[in-house]
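The data blocks that follow each hold one structure.
What follows is a pair of complexes built around chain A, which joins chain B in one and chain C in the other.
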Partner chain A sequence: MLELNVQTIAFLIFAILSLGGALGVVTSRNLIHGALYLIVSLFGGAGFFVLLSAPFIAVVQVLVYIGAIAILIIFAVMLTRSMTGMRELFNRQWWLSAIVGILLFLLLAIAVILPVWGANGSKPNLPVADQVATTQDLGVALVDGNQYVLPFEVASLLLTGAMIGAIVIARDTED
Partner chain B sequence: MVPLSMYLLVAAGMFCIGVYGVLARRNAVAILMSVELMLSAVNINLIGFWRYGAPLQIAGQVFSAFVFVIAAAEASVGLAIIISIYRNRRSVTVEDVNLLKG
Partner chain C sequence: MQATCVDVIETLAPCLTAGGLDPGIAQFLSILIGVALVGLFPLVLVILLIWLERKIAARVQDRWGPNRVGPFGLFQNLADAVKLIIKEDITPAGADRLIYNLAPIVAVLSTILIWAAVPFSPVHIGADLGIGLLYFVAVSSIGTLSVMMAGWASNNKYALLGSFRVVAQLVSYEIPLVLALLVPVLLTGSMGMQDLVRAQQGMWFIVPGFVSAVIFYISNLAETGRAPFDMIEAESELVAGYNIEYSGMKFGLFMANEFMHAFTANLLFSVIFLGGWSGPLANQVPVLGFVWLMVKTFIVYIPSLILRATIPRVRIDQMMSFNWKFLVPIAIVNVIMIAFLLQIIKAIGWLPEPGNTNFFAHVPMAIILLVGNLALIAAVVTMLRNAGRRERQAEPVPASDDERAIVAVH
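== the complex of A and B ==
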């Protein structure tokens, strides 16, 4: 099914990184370790983006997810000192959650592999073209008036609003 | 190249591990980390379908960039709420936050 070449080996390494890191996130007792596992998992995702010839998205994944969000989570863990005094890791419905997760995965895997919801044989397992849109196309599309400039500005507004909201919520109001 | 279904399977696995984390963990920060896992899995799906389905159009990468924006906004507001809850209740366990429970 998979022929062995450099790309396949890299894919397997990144798959192990992302899935193993994800398992570490949900099972680690110490939340700092969980955040480090999250970094491993997101790094695997960045490797996938390189394999899928989207280098800009891979760099953004490293910068935004690993550089900003994971570090923000580590700061929050240190500010709340939440890794101490947590005796029970999971709540009482953890077995029900496991069943839901496994069933959802089976559903998705069947939908991906077997053509039960319409034929997926027409969808090629290989790319339709060897050429891909470049990072330059992405930059032009984000500021082109006929393409994505309005969603781009809305996203900027959303980020500004989220930043102001986070400052207002987390501010110490006692002074 | 590696077939598209392999990428989709790995992304589905990551997403379902994230679902389990959201449903089963008691710590609010751990729940937020699981949400980040789910968003990352969705991004792998988006880029995978873009590469194998319509690599000459840019829409897939643009959507993925917007997912990053949403993830950053969600993480900042979520962590601010968690810090605020911790200041009031001295706990980040979601079962302790039951002020609205009737």
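== the complex of A and C ==
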């Protein structure tokens, strides 16, 4: 069943990192600590991508989530000094986020469990994918007319819109 | 990995196996030695780098520099390192202990991890990732994190302010850096470091990608906090910056990291734009490739030292507007232009097939791209001249000191 090789050990380490980090995010009272735990958790996630032989996604995870989004979160938290000294673990919307969290967990659990033990029967030897996709495949897939060019363009349009919106909001009205 | 033993430097693992060692252990040993060498080399090199920097800065300022300890003052930095180690290790009151102690380690880590993907010779590379360039960008973004951690955990307002400025600088200059890196990737068709070097065996990318090489060099100076962009240690404005509360070896780690990072940035410049290890006989004698790489790196590293000793520091607002209003637009136009020209070259059929090491096969493509680069430079210079002329004709109203102070704060 579960043999103890390098991959399993690495998986365990990454699992501990991502789950422990996630626990730290929700239990730490200091928001900066929470943000740093988030980075640990995201790092574990990047490790999973390496184990799944998707190095491009792993590196993008580090670059975008740790290098940009987490830094942005820390920046925002630090600039709002009052938020670093929070003493409450829960706010008034805790039940709403609990419902959302549980629903999301159920959705993911079903999505993972169903293909393995579901209607298609158990196929423990089924490979994750027939071929390991390279970065080139990914690049082609994003601009190929038959594949993901439309979602890609819509996403970039959305990001451009968001950027313009941010500039408009941040702009001095006096200018 | 080749199975035959040629010599100890190129193929260590098969040689150990031939000496009667278990293949698994031989493999493990060779990897362990490789990791130790790649990890320790920058740390040892940094002692020499600091000596070199002090000597060159001294010559620029008409001084001798360190000249008492050892020949040419070579051991001055060893003495300084001993001093740093035996200094009292102070943790400021109210500091966040764990993060405070972790920050210098993360800083050094972010630099040494880059070395894992640097191709030293045709056969020596820590890990030839298919996404080597992206790995470099991702790992150096961890360095930003260490600045943030140090600034916040010190419980000092100056440190926090300093780290804000540094992070704003590092995050901003990452954009032209990455945009400049896109040009070599376009020319190679791969992000792997070894592919990048092999594609330059015919012609170095500094010729077809001149503008992006310049942009990469400038944004590297800013990323490593050197020369006119050394906001990281603006001692005249912010006492010191994010590392103000650090003392002893923890400060030493930050300082060593600064020098290491600057050298690493120039190492990558020579890998990406100056052909890395490629040079005469490098394919036959891999060790020679390492020598070529070091020679090229020092050729680009030493001007950055002279630059640092010569140019005054720019103001933060000047630095930011230089990035966002000058470097980023040029980098974007440059990428679009190179991609467009490459498609034209491909349509004409002048694109040399990958792996062609003949210099003359690359000449037609390089000429077209170089002309494109020069046209871009000419356009930029013309626009700058026109903007300057408009500014002069507009009769500038002399700004009062208060106004200037407000601008500086923003």
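The rule is short, and it goes like this: the second predicted complex is superposed on the first by the 122 of 175 C-alpha atoms of A that agree within 3 Å, B and C clash if a C-alpha of one lies under 4 Å from a C-alpha of the other, contacts with A are read in each partner's own complex, and residues count from 1 in each chain.
Here is the rule we go by: a contact is a pair of C-beta atoms (placed from the backbone, for glycine too) under 8 Å apart; a residue touches a chain by one contact, two chains touch by 3 or more.
Keep in mind that what you see is a predicted model, and the values were worked out from it rather than measured.
Contacts of A:Leu36 after superposition: chain C is touched, whereas chain B is not reached. In the superposition on chain A, contact is made by A:Ala155 with chain B only, not with chain C. Within the superposed three-chain model, A:Val60 lies in touch with chain B and with chain C [touch as defined at top].
Contacts of A:Met78 after superposition: chain C is touched, whereas chain B is not reached. Between chain B and chain C, it is B that contacts the larger number of residues in chain A.
When the two complexes are overlaid on their common chain A, residue A:Ala68 makes contact with chain B and with chain C alike.
Common to the chain B and chain C contact sets on chain A are residues 56, 60, 68, 75.
Residue ranges on chain C touching chain A, taken from their complex, read 96, 99, 129-131, 134-135, 137-139, 141-142, 144-145, 148-149, 152, 160, 164, 167, 171, 174, 191. On the side of chain A, the complex with chain C involves touching residues 32-33, 36, 39, 55-56, 59-60, 62-63, 66-68, 70-71, 74-75, 78, 134-135.
The touching residues of chain A, when paired with chain B in their complex, are 2, 7-8, 11, 15, 18-19, 22-23, 25-26, 31, 34-35, 38, 41-42, 45, 48-49, 51-54, 56-57, 60-61, 64-65, 68-69, 72-73, 75-77, 79-80, 82, 86, 88-91, 93-94, 96-98, 100-102, 104-105, 108-109, 112-113, 123-129, 131-133, 137-138, 141-142, 147-148, 151, 155, 158-159, 161-163, 165-167, 169-170, 172.
Within the complex, the chain B residues that touch chain A are 1-10, 12-21, 23-30, 32-34, 36-37, 40-41, 43-44, 47-48, 50-58, 61-62, 64-66, 68-77, 79-84, 86-87, 92-93, 95.
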